[in-house]
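Next up: the structures, one after another.
What follows is a pair of complexes built around chain A, which joins chain B in one and chain C in the other.
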Partner chain A sequence: MLQFILSGIAIGAVYGLIGMALAISFYVTRVINFAQGQIMMIAMMITATATAAGLPTAVALVLGILSAVIVAVLSYYIAVKPILAFNRFSFGWLVSTLGFAVIVENGAAYVWGPTSRPFPQMLNGLSLHLGNAVLTGQQVLSIAVALLLAAFFELVRKRTLFGKLGVAIAADPEMASAVGANTSLVAVVAFAISGVFAGIAGVLIGPDTFANPYLGHTYGIFGFIAMMIGGGTERPVAAMFGGLLLGVLGEGANALIDSQASDWFPFVVLVIILVVTPRGLFSGGGLWERAWRRALPARREAA
Partner chain B sequence: MMSAAEPALQIAALSAGYGRFDVIHDISLRVAKGEAVALLGPNGAGKTTVLRSIMGLIKNRRGSIVVGKTDVSGLPAYRIASGHAAIAPEGRRLFTDLSVEDNLVLGALRLRRDKRRVQALLDSVYELFPVLRTYRKRRSSFLSGGEQQMVAIGRMLMSDPELLLLDEPSIALSPVAVDLVAKALLELRRKGASLLLVEQRVDIAVAVCDRLYIMRHGEIVEETTATMAREDGFNMIEKYLG
Partner chain C sequence: MAAGVARAARSGMSGKVDGMPGAPALNLTAVSRWPRLGVALLVAAYLVGTWAVAHSSLNVQSLVLVAAVFGVLAISLDLVAGILGLYSLGQGGFFGIGAYLTAIAVNNGGTSPFVMLPIVVLVSGAAGVMIGAMSLRVSGLYFAITTFIFTLVLTVLATDLQVTGGTQGLLGPSFPDLPDGFAWVGAPVAWCILLALLIVVGLIWSLRRSPLYPVLLATRDAEPFAEAAGVRTAALKIGIFGISAAIAGAAGWMFSFLGVVSPGQFDWSVSLNILVMVLVGGINTTLGPLVGAAFVSMFPAIVNINPWLQEIVYGALSISAITLFPEGIVGLITRRLRGSQPPAHIRPEAETKPRLSPAPPATGATVAAGAAGAAGASAPARLEIAVECRGIEFGYAVGPKVLRKVDLVVRRGHIHGLIGPNGSGKSTLANVIAGRLHPMSGSVLLNGRSVDGISPSGRARRGMRRTFQAAQLVRELTTSQNVSVGLYTDLPGILRRAPVWPFLPSARRDMLRVQKKSADAIRAVEADAWADRKIADVPHGVEQLTQLAAVCIAGPDIIILDEPATGLSSREVDHLAAILSQLKAQGVTMIIIEHQTRFLLPLCDQVTVLNAGEVIVTATADEIRAHPVVRQVYLGA
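And now, the complex of A and B:
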């Protein structure tokens, strides 16, 4: 029991990072970037290639994350900006970001071939024992980095002028531009930040999965589910909680139902959660906050 | 006398609208520096569209808009907001997830590197509306309509612009709040602000402004002064407003 919870949290932290990457770009542009998984994949492929070329692991990791940032910004300029310029409320981005994802994925398969490439191991041989359960050093690193990044992001969003500008743009982009916000520039920055999150997710999961051009698809979908069940569309950090929950549910399903149950079980949970609380579990008006308000009625007064 | 003064706003032959349709046609108007001008007219006359065009929130198809000495036609809204003009829009449109003070500080986005100036502007807004200082940490969605309108006006003032645009600041407010807003507008005038006010209530427009333009069906149909409107017993205005 403890083992699958801990393993679930470790993999869930990575889903959470991709969920947050999706949520951050959505937050500012109201666009779901369906290429997010492929952006993560690029970080893995570049890191693997740089390591194979003999570069030190740290340099390879930085290059990997940087390449994810570049591809994320490119996805904005190629698949998002022209669509929004034509009509801010159109859904053309559904097709254009999916198209961008297909191009990146097949381009990567063309360049690197369809087989997996070795990925540099970090924290090799370290492990953490908790009762009967064991976490590898890599898993501990994933959890620590993901939670720190999520906390840092929330701090920036709540405490800095840039973060508050993001909140303003999310609520009313037109009014934000009328107070002087260059909303296009903020959108580019948001896509770059989402690239950082996706890139870090990639290099955290790489040692377990190795680098493969087709990995982006699966992780992109799990990141999307993390965002939706968490309620990340309204509050990006909620996608991290969604990811952790998804990871635990997936590992739990594998352990308790069937070894392949993590392929379908999360979708069942997604549908149930969206029926019960359509805004996600941890969003502003989500189930979690409503329960919390009921338990502490004085909290609203204090605010 | 006023028309000879340096202009704060000069609009010439402006046409603009949404989609393929022009909402306003061939609008020309002028606000001198330190002058307050009202745009009156029935619902749907295109008053809000004029303000949105000045602010760069819709693209003008023909004509020119000059604020101070800068031709702002074609500039994106965020450039126009950088000291040329600022708006307190219809419906207030506060950033409701943020506190009163955060809303105000975002209004001063262009001055963000000059912390002292932002603080001075913040103090002047709190002086104009002392109640906002008391509620500065409160989420703006928890304020009354009148208080929210004060935040909207305060946010507009925070960029210290050449031209103030106000869209129906008295709408849906209690009589006490309307009074407070009108007094604040008079105070801004006393300090020499140039403003263009869209208003349904003729009494407020006449009390605050020097000159009035009347719009109908997207065109300016009449121009008069507040003094002349008063002398005429508002007959001419009422003819147009129905």
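And now, the complex of A and C:
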């Protein structure tokens, strides 16, 4: 019981990071970047390649995350900006971000080949005993880093001018640019931040999965589910909660139903949650918030 | 295309080449003789092509037939994405439902494929209706996401279930052979698929020529306008999505005869590829989806290089197509072709034409005389109450209440003015009466009957029409096409008839009636100089007149006008007053919100003044002018 909850939280933290990466870029541009999983994959491939070239692990990790940021910003300039310039309400981005994902994934397969490459083991050798559960150092690292990043993001969003700018642009891009906000710059920064989140997610999970060009697909989907069940489309940090829930449910299904159940169980949960509360569990108007408000009617949002 | 041009040349109205590519919609007199011949020739050529494919090698056949199946899929997506603005990523899922159901039932149960076709159509259509009903309660993006998730879930099921054969999939059934002696016809599966494609193209082609087309575009671009014209937009969207899903399911049925049925052929990237087809070919065009489907599905066969490079080229092509040519191939070509006839050239006199040349029937109905004369005219009906609001309270989630205990009685045949400072709740009250907003308490009565809980479209069907403060119209349609939306409730069985519209004799009569009524309505508001212009190209005042014409065309009992004089020149305002007097003379009851009291007050029998959500006073125009509180809060004197 404790074991699958803890390892669920660990893997869920990674889903949550990808979900947040999706949510952050969505938040500012109203575009779901279908290449987010591939951006994560690039971080893993570059880290693996740099390590294989003999660079120290720390340098390789930084290079990996940096490359994810570069690819994320590229995805904005190539697949998102031209579409939004044409029509902010069109759905052309569905095609262009997917096209970008196809290019990145197949480009990686072409350059590195379709087989998995070794990834630095980082903290995977350590093991921590918590009661009768065992966690690797890497899992603990994942949880800690993900929660720190989520908290930091929320702090920046709520407390800094830049964060408020993001909120303003999310609410009404035209109005925000009318009062002098550089919406394009904020969008680039949002994509860069989403690249950081996706890149970090990649290097956190890398020691377990190794580096493979096709990993982006799977993790992109799980990140998407995390965002949807959490309600990250309206509040990026909700994607982290969604990810943690998704991880625990997936590991729980593996432990309690059968060993393949995590392939389909999260989808069932996703459907049920979206039927009950289409905006996700932890979004502003979501189920959680409503229950919370009902329980504590006196509580007023200061912001 | 040729048919459309020929028809445009024949139609009496000069220079009618507007409308969407291949969709001249309303302005053309159904199908006259020439285009019929053109269509017949095209169909004959298509049948000859089908004959050739049915006799060609298996390689060519599979290439063409797969492209044709994707053509059907792309059309099914364009039906919702292009015409209704609903970007479905569920087409792959419905496609899969069709293919798997057929493969499983025919392989395991020995069911005849022809029995499976209606079953497949029903099942996928029902799935579409369910998903539509579930997801359309939230925004368009959530519709895309929900359909995306639907496809994800189906792919997972197909991969993990026993009966679907896992990742390997199933070998599809073979298409039944023709009876002996018919072998000369060629491969039956080719005939089946290509004829199905022809039928689907024909349905969409007809739909675009029916009066339903402007209604659908209005549902896409100006939903409040469509609802105010009596269109049950939510049900319409769900129904059309169900049809789209059923077509996608039928495409799956066809696909099952072409080889292996496996999860990878129906996953979400397939759904997106179908969208690529539609967008690359040209969204909301008849032929665009076909061009796109042929391009995308034949791409791997044509560009025969390293599979990874091939995918990279494909990705790059789809990005560049969507960023550089957002209208798609067909959209681009038709714009180029039409580019030789700039819209301004069509009616050069449009701007210079004196606005008041065809004198309106109500001549001499000057503003003042109109009010005074008509006030006594409708005496018999005066006691009857047309609209009544009892104790309306309305407020948004935060902030003070917008309406507080508002009582309003509008007598039949009256023009009832609604004035008040900005933010006093006038438009909110209009929206409550029209059913767009639901009051927290209180009720609205229409002709003595409560209409609480009845949708805006239901109220429109009960004879109440309205205009909007910010005109809600379809920018890519002409003024007359927009006006024709108002006739929606006046065309019996329009939904049933739209898919075969050009082929119905009765439809031809209806079309003439629609055209005549639209032309009359536009002439009545004196916007006829703009009748054939797209709304995107007309000035604001004409948008207001178009709204008014779309309302009047339906012959309503009650009209709510929300700031109808905004953006009109002083001469147009005078004319508007004449039109309104004339409507009043016909016994129409009107509620008019307006700031220009000099225009409004002379027209009104009764005026209600709102301030901060409360009724200050209801009285005649003269009493209002003299009322001290009104002078203070509103007239500022």
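Criterion: the second predicted complex is superposed on the first by the 299 of 303 C-alpha atoms of A that agree within 3 Å, B and C clash if a C-alpha of one lies under 4 Å from a C-alpha of the other, contacts with A are read in each partner's own complex, and residues count from 1 in each chain.
In the analysis below, a residue touches a chain if its C-beta (ideal position, glycine included) is under 8 Å from a C-beta of that chain, and two chains touch if they have at least 3 such contacts.
Because the structure is a prediction, the values reported are computed rather than measured.
When both complexes are overlaid on chain A, the residue A:Leu165 reaches chain B alone and has no touch with chain C.
When the two complexes are overlaid on their common chain A, residue A:Pro82 makes contact with chain C while staying clear of chain B. In the superposed pair of complexes, A:Ala109 makes contact with chain C only, with no contact to chain B.
By the document's definition of touching, of the two partners only chain B reaches A:Glu174; chain C does not.
Of the two partners, chain B and chain C, it is C that touches more residues of chain A. In the superposed model, A:Asn182 lies in contact with chain B only, and not with chain C. Looking at the shared chain after the overlay, A:Ser127 reaches neither chain B nor chain C. Once both structures are placed on chain A, no chain A residue is touched by chain B and, in the other complex, by chain C.
Put simply, chain A touches chain B in their complex at residues 161, 164-165, 167-168, 171-172, 174-183, 303. Listed in rising order, the residues of chain A touching chain C in the complex are 30, 32, 34, 78-79, 82-83, 86-87, 90-92, 94-96, 98-103, 105-107, 109-110, 221, 228, 233, 260, 263-264, 267-268, 270-271, 274-275, 278-279. Within the complex formed with chain A, the residues of chain C that make contact are 81, 87, 89, 134-135, 137-138, 141-142, 144-146, 149, 152-153, 156-157, 159-160, 269, 272, 275-276, 279, 306, 308-309, 311-312, 314-319, 322-323, 326. Interface of chain B with chain A (complex): residues 55, 57, 76-78, 81-82, 86-87, 89, 93, 95-98, 102, 105-107, 109-110, 112, 138-139, 142, 155, 159.
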